[in-house]
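Per-chain numbering from 1; labels A, B, C, D, E, F, G and H assigned in written order.
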């Protein structure tokens, strides 16, 4: 049976059903409902809800709890996610599984609280120090807020790696009917967790390697893992790409808008299609290249100044001109405006490269 | 004739919170029936003659909607 | 058909509740639906609004750019949403609070003295139900019956008095067909 | 006709965005009055924090900086070190100051930074919609303590002034309230003192002002003031905790 | 032949990397002895911090986590909340605990987290080569206070235990020293107590241990102990500041 | 007259000469000498040295001081720079000039303390939230540690933007002879600083724009500024690129090593050249493309897992195969090993694309 | 014969810090001339017969280089 | 000619000072020079080393991969740096502390009893100057005269006693030509 829920709450409830019994976080708009929902919900299932004194504290509580073997969740938005960067780098380095939610709002600085996608670089390139990767999942509906939450915990455990869910204010606040996932009972064993060494050798959770050769070996191990993830875990969705002459690439809320645009464009006779990356890291480079095979032009639509454009260009390597339409600061692209862009580039295939400044 | 204190109520700053009303020791003030431009029932003078200029209303007003001046009755 | 509805007014006028009620009713009828509220520090006065999409097909974009109907509870919201309503769309005004004339001449404008009707029922706050009733009577976006059932079984199940006045308001709105006005 | 009580010059004419009855407005006025009284408007720099008072930069008629959540004391330190002859103050809520920004506060205090901190304790996070703050009372219901704050999960309310009083850096520490006119007058006096010690280059000064949040407390403003008096005063006793003689 | 004084089981055999005479070693042993005494080795999880004791995870013969600089109390909170029947302790230097990590410490204490904090105060940052710490004495020369710590620029030494004693969350707070055998014995007792209150689920416990840093103080170990006794004890008085009866 | 100084100290002294009278920082290896030098030096010139309680506090002190009109410096390494990300986003958003030094060490997490270049993404893509850019300068010698420090303050003021100097442990610790820059006397006026409103309208330093349209306008203004910077401020160096068949691209310490390699390769008859970006943002895309005109292969050399490879690929758009040689965790590429790579790819021009995972 | 305490000095853990030497009330211990494997002058027994097993040396040793056992003299 | 020198030993043996002195001397002679120390928590015992490059041309890379000379003060450093010396390069050992034989047979190995010589001069710590003196006598990387002038005018200008013993050590090293040994 479908229920009607806010994205933030759907994600929270799905996390509980995925076996997460542990949340540490700090209020910030537009993700606060997630926190508030779990403040009520987790005690009902015997879980731990703790409002941390800050995002810095929260992410380090996540470190402790993950190291102790829990499925653990934290969430925030823009400024709070920035504060978590040191902790995320530590989590990735110590290979601790956890799920981090960023319900993006307009930046930079204090910015605003309206929806945005301006933390794409931060999420996909690692806002913290060092060579590490975080798996980044980009839901585009309330249903996916729930489904990808479940997937996030699975991936986190499978690879012992932090997973980020990159939503935006609209996805967090929006209500849509959804099918809640079933309760997960059997969590994978954690042969590495520090939960007291009764009857076994002691264990250490650590990211320090004072010897450079050792640290390099550790880094090579991590890179090897990232390669494995990149091979196996790429996810994306295509809509009418088969014969598309003009391909829209968009994720999250923008992909919802773009879908409506593509529909409208088709009804005007423009052979438009939509490529929606679901994993932003690993990015579906090859899949995008394939989807763009028939395209004469590509239009990237984002709620930022064109950050994903780089990944699209890396995928296409100059074979197709890449255009960009974006709004920032909490403004949301109107599907009408996107349609106009499509008409412009889809009609004449004007070759105009976007080059990041 | 003793100079007296005159209250000036700024209706369009008032949010109708009622603090001035509650803290006036002489029941001088009340909230109006109608709404102001902000959508609130603003403060109004009910019994100005009772006011002895103690300033408690102004001290408690969070919105700078009450000021006071010494002068002749207007 | 796809209904794309904006409900907009002051913070305390129950606009988000109205939108959610519509959304729950659509869900109960097995329709596709989405609901997006405005959010943020608007609790401190100011305006609030929400966007509801109700459709029989999958909803591509839940964003409402050109609403098929706007339920406007106060003056600032009229300024904001009048320009956006789809040509030929519905514009419902709470005429108790919105006095100025509508500029556009390509809309179906209905002036509902919702606050007055609500006051007549003894509870100012149910002006939103009057507006909703009027809207449903005009659009049939969902069946008023579904809304009534939700009010009874879910929302006011444990407060019969509130249920009663809300139901009355809804019905008053449904009955208030009058006063179609073409703008400007 | 001479004005005896008018909005201070140190406030702009911009109407406050606060909820009806919110005492942030009173406290703004008191700060403005202190600046007027000491004739320091043209050499004062204020630091707005993140909370309901985030827009304070629109209201104080002085040069203003808007600081990241919790970091106002660090920002103020940066300003004051560069401009030691200016007057620098921060205006912070309890979430900002006592939760995320606690380290910056305590260290500024321990260093004896010559700044004035106005600390508005309304026992919750107003801006984000009423979550628990470090100052939330035991048993108090907030959106993140839906069954009331319980010691076992969420610990004890933090008494910031008492804690700072163990340090040597602060020269003026007081807790005041604005729940009635007499207390407003006392609060004004304390705020003036907190600026005076800065003018005398003596050290760190902080005034904690007990304040209400009618919206998130779910109370009418007048009720909220009574609640403050009844429930907050016992936990947060008023007085001067450190004063220069 | 029965051993009367041998390295505790709760320490591994790995030789310490500390400088000759560094009392981190003594304090490690005391923690190990406490764990042995209470027979909790197999259910203890330790949290190493960032400082000279960053490698503590190599020495304590229990499950260990290495925490980011200053965040050990948050990490310990995460562990303890998930595993409330385990024993969790942190081992932190004064830079880690009192400077960058102050907010996490105070909030863990205010929440009454059931953790045991071992706080090694050596009046400077050992690991990075002898910079000022919040606990550096006035006049003390460090690489970042080349003319001695001066109040005007760098403020006053922070007395962590006294500050925490104003909170309700802590149930055991003590300051001890290891500058001579009698004090080592007292330190041992305090550390045992700080674990006992955790076993009794009573609340937060912290033992501050005054320690030496011969290398960065530029003193021979024995001289350094005398310096501790002469200069640190007056500023950091020993004793129990909060104790359960 | 040349003096022999450590890179960290040369940078510090150059900052003082550039008119910087204000430092806020926190110790961390391998940048601590910078801090320690200024602890002695700034009081001599009547400046402010303050050891902050943390990196978070330090960057926010920088915000206050910059807003008050000072030329202000802070420095750190890996974990500390991560903690500064929220603050950097605020500085960029409020358009406050300042200089931030990152003397990189091996990551992720606590990692190690040996030299690294693994914070390239963080520096160039913005580790903080929102659409913002920081000008990133990459010195390759002690002389440049000083020279680029001076340039950094000039650029920061010219564009009211944070500038980052991205060095590594070797550059920080190394001593080389250098010519110290002259003392700068006349700093530009700051018509926007909040230093007390005597005789003028009051000023506000701020990054909050609650209205989305306003925030978008602010973002467009920022993007416009970034475009201007990208047009004007690109800096790079070329070495024997004219006829290069195989082009090495490297920055910082790696460029020093690569230069030796290129020399050695030339003496073996391999037509090698070196392209060294000095600004990492804005990146010299067009200049690299031009320098690679005669190249049959490109080799990127970095002390990380291949982060700059993305920028090189964005510049070359698939026209030349891009290869990568990197060491991580504090290991430094040996010029011999790089030479071997050059021989491999320079000889046969084996086409092998590097694709980021 | 009273059982007595026997000290065990672990030369290869010793860093020659001298704390044991300084705190021994009976001048039992000293530092050796030669270096150990770590490059330090390690502790050595100078006058074992004077030792009365008070354990002060062991208490003060930061490097677990001194342990004590009850037993016959060895 | 380009000299690429590694100086390596225990933390307290003055290896970084030795390298810096070399670098300063090169600067004084107007040569190109670079100096890279090892750094980090090695203050707590362990080893330290540094790399000095002295050249008459611009120095491409300041990193020393294949030193032309290694001054080795202790055993762990021999293990670490012996394999890296350029074939035909110089390997100077403080034979007072390094007893094991050298494995390679393509190096010019000199065993200098530096600690003993220093002890003879009454100050253990000047073993580094003995090593430096010996190295300069063998390599002429810089003129010993330049080093002496630096010691006099800059480094020990205000401590004549230290100057004296350091100078003596330097000269003792210079004189100690003996004992070339081909490894293995």
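The rule is simple: contacts are C-beta pairs under 8 Å (C-beta built on N, C-alpha and C of every residue); 3 or more make two chains touch, one makes a residue touch a chain.
Computed from a predicted structure; not experimentally measured.
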Shared touching partners of chain B and chain E are D
The larger set of C-beta contacts, choosing between F-H and D-F, lies at D-F
Chain centres from averaged Cα atoms put chain B and chain D apart, in whole Å, by 26
Chain G to chain H, mean C-alpha position gap in Å, rounds to 38
Multi-partner residues in chain E (2 or more other chains touched) are 18-20, 22, 54, 66, 68, 99-100, 102-103, 107, 129, 134, 154
Among all residues of chain A, those touching at least two other chains are 29, 50, 53-54, 56, 79, 86, 90, 94, 109-110, 113-114, 206-208, 210
Touching at least 2 other chains, the residues of chain G are 15
The answer for chain F against chain H in the complex is residues 2-4, 29-30, 113-114, 169-170, 173-177, 253, 256-257, 259-260, 263, 332, 334-336
Counting only contacts in the complex, chain E reaches chain A at residues 41-45, 47, 54-55, 57, 61-68, 71, 74-83, 86, 103-104, 107
Per the touch rule, the chain F residues reaching chain A in their complex are 56, 78-79, 81-83, 85-86, 89-90, 92-94, 104, 106-114, 116, 118-119, 121-122, 125-133, 206-220, 222-223, 226-227, 229-230, 282, 285, 304-305, 307, 310, 313-314, 317-319, 327-331, 355-357
Residue positions on chain D within touch of chain B in the complex are 1-7, 11, 15-16, 18-26, 29, 180-181, 184-185, 214, 220-222, 225
So, in the complex, the side of chain D touching chain E is made of residues 99-103, 106-107, 110-113, 134, 151, 154-156, 158-159, 162-163, 165-169
